[in-house]
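One structure is given below, represented as structure tokens, and several questions about it will come after.
Each chain carries a letter (A, B and C) given by its place in the written order, and its residues are counted from 1.
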Amino acid sequence: MNHDDLLSVPSPVVSVNGLGKVFGTFDPSMIERTGPTTGTARDAFSGSIVAAWDVNFEVAAGEALGIVGESGSGKSTVLRCIAGDQPATTGDVRFTCHEEGTVNVLRLDPATRRRLRIDKLSVVYQDPAEGLALGVTAGGNIADPLTAAGWRNFGRIRSRAAELLERTEVPLDRMDDIVRNFSGGMRQRVQIARALANNPAIVLLDEPTTGLDASVASGVLDLVRRLLEELDLAVVVVSHDFSVIEMLTQRCIVMQHGRVVEEALTDQLLEDPQHSYSQKLVAAARA
Amino acid sequence: MTTTVRRLADATRDLPFALLDEESKREIRRALLQAVATPGYQVPFGSREMPVARGWGSGGLQISLAIVGRNDVVKVIDQGDDEGVNAVNLRRLITTSTGTEESTEVDESTLIQSRHRIPEDAMGEDHILVLQVPVPEPLRGIERDMKELARMHAEADYSKMWVSLYEDKVRNGVITQTTGYPCLVAGRYVTATTPIPRWDIPRLHHSEFLTLFGAGREKRVYAIPPHTDVEPLTFEDVPFEVESADGARCKLCGSTESFLVETPGETSSWSCSDTAWCRRRRLA
Amino acid sequence: MDTTLQPILEASGLAKSFTLHNIDGRTVSALHDISFAVQPGEHVTLAGSSGAGKSTLLRVLYRTYRVSTGSIKFHLRSGRVVDIAQLTDVEILALRGREIGYVSQFLAAQPRRSVLDLVSRAGVSRGMSRTDAREMAALSLRRLNITEALWDVHTAVLSGGEKQRVNIAAGLISPPRLLLLDEPVSALDPENRARAIDLIADLADAGVAVLAVFHDLDAISRLATRVIRMAHGRIIDDGPAAEVLPFLQPSDVQP
């Protein structure tokens, strides 16, 4: 039975196949010496870290996929390899918004990958200092991707920045303040505004609310969720926080020691986790 | 340095033509050829110790010495002034080591070395303008990491420069950068125009003459060949404007159409920055 | 009930067990050998004492729980048949909303969303236009006695009963073909419960198949066309409401 004929499943915007990232020298034999079965991502023989291995998933437009796991599980590494912040060791990552998905973006030259980052794919980092220039105004931080995409009209850059800040609920009278003077929650909002500047098809969120006060975090989360609904983005959310995953995603993968140990509907993961590690995570989150 | 000083001091010995040995001149000329072939691109070269300190025109001097020929007529100016101490010294160094003639008149000169100005007089295809450059990197104030700078130039990724122009306009209402205004050369490289005033920038665009830039301390040369696009970076809706002051005119020649500088210690007193041009107007 | 119709859902040999890896790897069996079918327009109530497996069964059918063994044949609008137990996660998501809906007794936490927005959003996610969805949302909120003054407040500030009614409004707007209801009116006062039950009663008339858990005998007698009685994870009785209801124990409708 071919289910694709029966249900209209949205076609993926992001396809990740066999993604792997090893820090240190690589030798195929280290794969079986690492991972959940041996309880470590570090290969005792070589000292290399198998940060992520054999990661596969797809994300469609209007869909958010969660990557769950503790720190060191490899979830952020996966995100960074997809974003191009780190070179992957192996794997195949395709975006249908780039060359109709015929090209493995991991093989692109750095300049082309950076072009992708300007108008096709954005990342929102946990640490605003990674996604923003703190000494630059909120408007200037948005002007950056706009000018990179060829915007040369000051007035239009201003009004686009204002529109985005309004959308992310940053008071407009703060548009010309430098970001360093902003609170943590406000910095995240500016980061999100910047991420949306060139209408990307793909947005990657790396622990977007970790480190924020609970009430501030819920405001940012709420903003992200509304944007997901309105903008038809393909989104990957990395978080160790199940409340984030629950609010933003419909599906997720669970990573431990660099491997995917479970793939599930988000409600299923929370109610009926299959893998012992997932059960441990969910039990800890519920406690 | 000591070698050079000894050589200079020893009047009985023959100096090589134009002070530099032929190998050095060749190396500099090779760098210059590459610079001309890639307008606006900063070409590294092996900057030599010169009998002037780095930062005092040693880059420009090396270019002048590397390209000067026996039939050249040399003009050297400092901020438009042929009689500046440094201009005089550099001119002497070039002429005494080559036996070439010197002039303060543009139309008599073929090789013009300058600090911070382009002469007011029109120059043609027979002129080469050599500019002394303190900071050849236009992105220096924006990015410190040399590798990242190289990448930005390589990929023509100048969004940070645009952000700095945006920030300047937001904070100050205008783009405040006055001298050394960044320009996009031949549609490719953003280039530092040395600290020449904005006044001179339009004269680099599609010029008849070749402009060579030398930064001795930073060990870089670059070029704007004749008939090259030189566009000052500015927003479409924020026009590039040259310096002007209401009612300013040269107190000596009465000029309102040249680059004027304020007389130190006086208010509303202006004079031409280009002294040769001003003198000729007064004599005429 | 029109028995000549194709069933919409056919569960056969369904079992569910939980393996608790971190509690000495023990296995807890929750459902055994569940087989039944539901027709369009049928309202089937699941009865049974606490722990009998009623909610578990609803969650298995919605795939919030993974199926251990057995199959859940679902007849799509197009007439094709899929096995919910075998569908991929992406396919389940495509099935949810338009084909199968689930209304629990709790409103999922959505702190800053307004009432009208939440309900119309549910309609949009099932393919309604924004204007239609807003109209329908307004209509069902009125029927559920949620006054207009509350429409633009955030759901977080609502009372438990208001939240539950909003949840029902969202679950029933542009209803899917099979609706799973898990004690949807548990927190409502008698008047509002009656209104909600009226709304649910309309579903069967519209041809929606309903599989519900109530702990309220009045609701069951009013709504159920058929009752499935469960105990210890098994079906112990399955028949027309009129035949099964007289045999229900008070404990069968306890939460």
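Rule of thumb we're sticking to: a residue touches a chain if its C-beta (ideal position, glycine included) is under 8 Å from a C-beta of that chain, and two chains touch if they have at least 3 such contacts.
All values derive from a computational prediction rather than experimental measurement.
With centres taken as mean CA coordinates, the chain nearest to the overall protein centre is A.
Contact counts per chain pair peak at A-C. Centre to centre, using the average C-alpha position, subunit A and subunit C are separated by 34 Å. The distance from the centre of subunit A to the centre of subunit B, with each centre set as the mean of the Cα atoms, comes to 48 Å. Distance between chain centres (mean CA atoms), subunit B to subunit C: 80 Å. For subunit A in complex with subunit B, the residues that touch the partner chain are 110-111, 114, 133, 136-137, 139-141, 143-145, 147-148, 152-157, 176.
If you check the complex, the residues on subunit A that touch subunit C are 1, 3, 5-10, 58, 60, 63, 218-219, 222, 229, 247, 250-251, 263-265, 267-268, 271-272, 274-276, 279-280, 283. Those residues of subunit B that touch subunit A in the shared complex are 151, 154-155, 157-160, 162-163, 166-167, 169-171, 235-238.
Subunit C makes touch with subunit A in their complex at residues 18-22, 59, 63-66, 76, 78, 80, 82-83, 86-95, 109-113, 121.
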